[in-house]
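Which chain is which? They are A, B and C, in the order written, and residues in each are numbered from 1.
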Amino acid sequence: MIEFLNIRKAFGSQVVLDDVSLTVHPGQIVYIIGKSGAGKSVLVKHVLGLIRPDAGIIRFEGQDITRFRERDFYPLRKRCAMVFQHSTLFDSMTLLENVALPIRKHKGLSHADSLAAAREKLALVQMEALADRAPADIGDGLRKRVAIARALTLDPMYIVFDEPTTGLDPVSAVRVDRLIRRLAVDTGVTSIVVSHDLRSIFSVADRVVFLYQGKVHLDGPPTAFRASTDPVVRQFINGLPEGPMEL
Amino acid sequence: MKSLLLILRSVIEQTREAVATLVGTIRYTLESPWNFRAIGEHMFLVGNRSLVFVLLTLGFLGAITSLQAGFQALRIIGDTTIIGQQLLPLLVRQLGPTLVGLMVATRVGTGIAAEIGSMVVTEQVDALRMCNAPPLDYLVKPRFLACLVMLPVLVVFGVMAAFLSAMGVAALVFHTPPRVFANLDFVSLIDVGEGLVKAVAFGAAIPVIAGAAGLAARGGSEGVGEATTRAVVSASLAVIVLDFVIGGLAFLVRT
Amino acid sequence: MSTFVQGLFHRIGAWFLRLAEVVGELALFTGQVGRATLRPRIDRFELWRCLYRVGVRSLPIVAVTAFFAGAITVLQVGSYVVKLRAYEVVGWGFGFSVFREIGPLLIGLMFSGRVGANATAELGTMTVTEQVDALRTLAIDPIDYLVLPRILAQVVMMTLLYSLGCLFALVGGVVTAWSLIGVDPWVFWNSFTEYVLVADFLNGLTKATMFGLLIGVVSCGFGLSVRGGAPGVGRAVNACVVAAAVGIFVLDYFLTYLLG
């Protein structure tokens, strides 16, 4: 369980998160949505300690992590993985080595054994055949799958996805959605997904949290989101240029 | 052995590129109008902005050489009074120009390559070509002229800084009176000439090489990083080689 | 007070603040590195990879630089030698200049340009593309994994390259002495071995090692603190070589004073 209590975060004079409270329960697939710059990525990066709140409390499985130092986050990061928006694979290694790195570092396996274990993880995302390629040589969609494989190497209980389908062609996007759904069903992992992809939201999410002007504007199942009569939500869902949301 | 050949080929390739850039820049210098505002701006960037850096490094260099010369003098002849008169010609014709050249190659060379390189990878240079402003004319030429002028100026300041600091160290550490130290007898016209020719040569080589490296940048931040690295290395190497060539010529003139 | 004077003070103040920021960040980084070396958890693969790449990358350039450093030194010593007709002294003059000063200095500056700038560019690109953040989310400490191997590789390589460089400088010196001044290689070699001490070589070696450490720390420090995309990387490389150059000179002065 992850709890955000009254989180506030500003960058300079720009307040991005203003009193955000949210609880993520184990096993859920929670979508954090909102327009660009609404603070979605900022919020989820707090979980892994990449960003620290100006005010408020964050609890990870009951433990207060608000005052954690960088070192303290290491055990947490083995239980909670992150898939970055641009996949962020390591350019200097092959796809296989990318996935093998955390295995070698944290599971005490030898170089050869960790490569073998990495191959298995790549097979989970159907990328085994391209294991020896470099990240720069393959397309965005495929890189995303490898990034997910790498995130799965330490068998995390929680995964954060930062805009997993943004910039992908429709076919790759659906593939990623299916993968997220399958992981939740097969392993019971808790997923926090940052997105503004409506199709993903309505096909994968258990719960939708809509951020607007630094606060939680709506928090409920996708059906409630779709049925909402709130003008801001309507503007977002229908992609209307005119409405209460400034552009 | 194969890697040696590859290196040789890359050196030849880079030299060819540099010479081509130089020729192109000189042609534009002679043929097309000068943008005095841009030249002035770059003279400020090269000269004023590098001044503190040059004074600092050359100051320390002067102190270091004074220390070394003093230690050796004490060891061999037991007397430090001749350091000044021997050191100054060396500073004027060799240490001054070369070290200033290397410092400018690092500071200004990376700056030029980074600037031009960023413009290349963000497609601004393509946009310039569309507007009929050839990069060599618009980007490299002002920097070239600025460095030609500023480098001798910086060398003069650098030599002064080194000498003053050497004098100070000699006075403080070896108790050599400044008046004994500041002996200009041994500085010949050829020494001064050698130093100035080197300064001008460096002033020509550095912006051309750095500009060429910048224009050859490809591929985002990685490409810019690569271009800046290549600029500083090639420019530094050029300084050292030119130093040897001009020094050799000066040596032959003297004898 | 006139606005010009006010403006001047303002600019000096702003300059100092910026300098303090940079120095402070670098100092904090050095502290982090220092703490990491107390409980070293160096990744062996990364270390080998860095050693290989640093060596391969810098050997040619250092060889050439050292050769010319030897040549240039002989030219300068040569003018005295010809004037005083003291041909036997060439080897000695060459030896102590190159070993104690010109060798470490020029090799250090070239190394900083070739390897230091490269490290800053690499780490800078990784920072800008969030690869460093990705490492942190995998619970891998960037200092242990990226920085320590690079610094160690640079220290080791500088020491090795200085030693090799002395040989190349010797070749350059002998060739120049022979062709331009007419000093017989044997005469050169004799005066070299007679007057140049092992202490001179060790003196230079110490300097070279310390320069390697300096360049390592500075280059990695600037690399990891890059902000602002491709131009930011270029700026960081610029800052790195400038800081390394100043650092080399300052360090050289203090080492010369201390090692005598």
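As a working rule, a contact is a pair of C-beta atoms (placed from the backbone, for glycine too) under 8 Å apart; a residue touches a chain by one contact, two chains touch by 3 or more.
Note that the structure is a prediction, hence the values are computed from the model and not measured.
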Chain centroid nearest the full-protein CA centroid: C
Chain of greatest Cα-centre distance to chain B: A
Chain A and chain B: spacing of chain centres that average the CA atoms, whole Å: 51
Averaged-CA centre spacing for the pair chain C and chain B, given as whole angstrom: 18
CA centroid of chain A to CA centroid of chain C, Å: 43
Two or more partner chains touched - positions in chain C: 125, 129
Sites on chain B at which at least two other chains make contact: 222
Two or more partner chains touched - positions in chain A: 91
Chain C partner contacts - residues on chain B that touch it in the complex: 4, 7, 53, 56-57, 60-61, 63-65, 67-68, 71-72, 86, 90, 94, 98, 102-103, 105-107, 110-111, 113-115, 117-118, 121-122, 173, 220-229, 232-233, 236-237, 240-241, 243-244, 247-248, 251-252, 254-255
Residue ranges of chain C in contact with chain A within the complex: 43, 45, 125-126, 129-131, 133-134, 136-141, 145
Footprint of chain C on chain A - complex, ascending: 48, 50, 70, 73-75, 77-78, 81-82, 84, 86, 88-91, 101-102, 105-106, 111, 150, 154
Touching residues (chain side chain C, partner chain B) in the complex: 60-61, 64-65, 68-69, 71-72, 75-76, 78-80, 82, 96-97, 100-101, 106, 109-110, 112-114, 117-118, 120-122, 124-125, 128-129, 176, 180, 229-235, 237-238, 241-242, 245-246, 249-250, 252-253, 256-257, 260
